[in-house]
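In this document, chain identifiers A, B, C, D, E and F correspond to the written order of the chains, with residue numbering beginning at 1 in each.
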Amino acid sequence: MKFSIVIYAAPYSSEAAHSALRFARSVIDQGHELYRLFFFGDGVHNASQLAVVAQDENNLQQQWNDLIEKHGIDSVICVSSALRRGVLNQTEANRHDLGTASAYTSSEVAGLGQLVDAAIHSDRLVNFG
Amino acid sequence: MSCLHTISKSPGTQLLESCLKIIASGDAILFIEDGTYYANSARKLEAIDKACKIYGLREDMLARAILTKAADSVELIDTARFVKLCCEHDKIVSWF
Amino acid sequence: MTENSKPQKSRITFISRAAPYGQNKANLCLDMALASAVFEQDVNYIFFGDGVYQILKGQDGSAIESKTLGNALETLELYGIEKIYADRQSLEERDISESELLSGMQIVDSDSITKIIESSDTVFNL
Amino acid sequence: MSCLHTISKSPGTQLLESCLKIIASGDAILFIEDGTYYANSARKLEAIDKACKIYGLREDMLARAILTKAADSVELIDTARFVKLCCEHDKIVSWF
Amino acid sequence: MTENSKPQKSRITFISRAAPYGQNKANLCLDMALASAVFEQDVNYIFFGDGVYQILKGQDGSAIESKTLGNALETLELYGIEKIYADRQSLEERDISESELLSGMQIVDSDSITKIIESSDTVFNL
Amino acid sequence: MKFSIVIYAAPYSSEAAHSALRFARSVIDQGHELYRLFFFGDGVHNASQLAVVAQDENNLQQQWNDLIEKHGIDSVICVSSALRRGVLNQTEANRHDLGTASAYTSSEVAGLGQLVDAAIHSDRLVNFG
């Protein structure tokens, strides 16, 4: 089946982002297609590549990035949520003269059309917030 | 056209009560994260049990030390089965 | 939309359950619905629980340096979203009468909401 | 040694009810943000009114279109007065 | 501590009201209390509301790839925090009996909590 | 009187950070001393200098920065909260080879000792979350 997953929660402040990660892994492990990850609202913080986490703790942002890269998952962070929260790709960082990108390149910065598309083309859409 | 409702916040939020207002007979409820504290409320769950199947996410209940306190009406499942449940139902409504 | 998107119509229901201003859930829900309308999906919009506070008339976000969410909701209709519902019991529990509400809402019982959910392909609930 | 309690989430959270369990007579309650929806519940506030002064933040109530619905027992104040209230009480307990 | 800090002792009370794991409020509250103890303040720690779920025995955070908060709480005493309370009514409402709890908690009525708050200089409540 | 303010909430996702900002302004307007701002948990996102906000909307991060700079306020973001959320000063960014700083320089990155110090030395400590 085709799954899409929407993540509304920032990492660390609630369990939701972590639950979504475990769910996403299980979807892939069972051979389903993960059509899209969509990070929305505070969820965009999951795509930050600037996190520095102690060795004995989870680095959720890096775990998302590893999963996305390993399986070539289509991952989108909502542009309007991301900009106001300072989660920027290189293009946006350059445009606003804000130095290096704060977002992992494994996620694309795009609009809500990608969420609507996911709703239309997935068999199951699951929300974590 | 049955629906899986996931509930992920503690009973103080009254999410289950809200869900019950619009749930359809034959739908299923899955408690995850802090929603798993609902799984201890045998009395509260008794009324639902007849119309809707109730599940609790084992990992979350283990972490919280409430696995052995779960009401009989709650079927304990892992994340893999959570994914399967999503397949078995037509859509998922997340309460958070 | 990505290149593999086909012209397809999906019934998408939004259950908006958060009060306005205190959290941004109401705005996120609205943004998703407007995007769905732009891409010509079949949208239902339901105010439920604390969400019914969003449709009180006379809001003025400028008092707290915010945009007025009530105005944003009036745009639902501008975007062609016509199926806008408010849950009767949620209104009653909050002592809100119909005369206090923005126009264009259909007040329904929870049974109707159950049926709307049943007939939907996807449900967003926040 | 009186205390100002601020309550900033909607009545669904039961924050006022939690606060009332440990509030002292002579303390004051201030509703801010989504907590201001409590200011409409005349019945709920009636019992508190005798022991504790109740305030509501005007700006938040204006934004939400509930200023005119406030119960008589709620004194409407602005942010400047919020700061003054903090001075008039020995400490502030925030409920969120 | 900044340079202008004097050797001063303040009574700081923490009311920990959040369930563990689902949010990080329980961790934030604990971290603040440990820091207060390190700087030798007079600390009270109260489990109230959903916070009493934090003191259930037998937690195992590894099931969800997290640190076990129950273990962290046992460090309260290691840091010299001895005034640790749990609200009796909060336990009763959640059907939690004393035998299910970590050791070292004093179970108190809400009246006692009111008095602790009254005697405190600063209260953190989250 | 000496006030300190603790902010636990991220900007945009809840009103709390905005309430705290209005409260802080009023404290200063009334001639009180603002002894310290302490940003904790998701609150550290208020110190991000990477936010890009539409012209007709509030840029809360910038408004905090303006207030802090204008009045020379002692402002602290909790180091353990900040690192894992990718809110870094230049020192941390260099140390971990993560490019430019994501935090405004108007806030200091420091430990919880600064919060305890604020609790001890302020007449009133107010929390927003």
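General observations
In this section, a residue touches a chain if its C-beta (ideal position, glycine included) is under 8 Å from a C-beta of that chain, and two chains touch if they have at least 3 such contacts.
Computed from a predicted model, the values in this text were never measured in an experiment.
Common neighbours of chain B and chain C (chains touching each): A, D.
In summary, the chains found to touch both chain A and chain B are C, E. Centroid distances from chain A, each centroid being the mean of CA atoms, peak for D.
Centroid analysis (C-alpha atoms only) places E farthest from chain C. Once the centre of each chain is set as its mean CA position, chain B and chain D turn out to be 35 Å apart.
Centres computed as Cα averages put chain A at a distance of 39 Å from chain D.
Chain B and chain E have CA centres that are 29 Å apart. In chain B, the residues touching two or more other chains are 8, 12, 33-34, 59-60, 91-92, 94, 96. Across the assembly, chain C contributes residues 21-24, 49, 64, 66, 121-122, 125-126 that each touch 2 or more other chains. Counting partner chains per residue, chain A shows two or more touched chains at residues 8, 12-15, 19, 22, 41, 57, 125, 127, 129.
Each chain pair that touches appears in this list: A-B, A-C, A-E, A-F, B-C, B-D, B-E, C-D, C-F, D-E, D-F, E-F.
Residues 1-2, 4-5, 8, 10, 12, 24-25, 28, 31-32, 35-36, 38-39, 41, 121-122, 124-126 of chain C touch chain A in their complex.
The touching residues of chain E, counted against chain A in their complex, run 21-24, 64-67. Contacts from chain D toward chain F in the complex involve residues 6, 8, 32-34, 59-60, 79-80, 82-84, 86-87, 91-92, 94, 96. The touching residues of chain A, counted against chain B in their complex, run 1, 3, 8, 14-16, 19, 22-23, 26-27, 29-30, 32, 124-129.
Those residues of chain D that touch chain C in the shared complex are 8-10, 12, 33-34, 37, 40-41, 58-60, 62-66.
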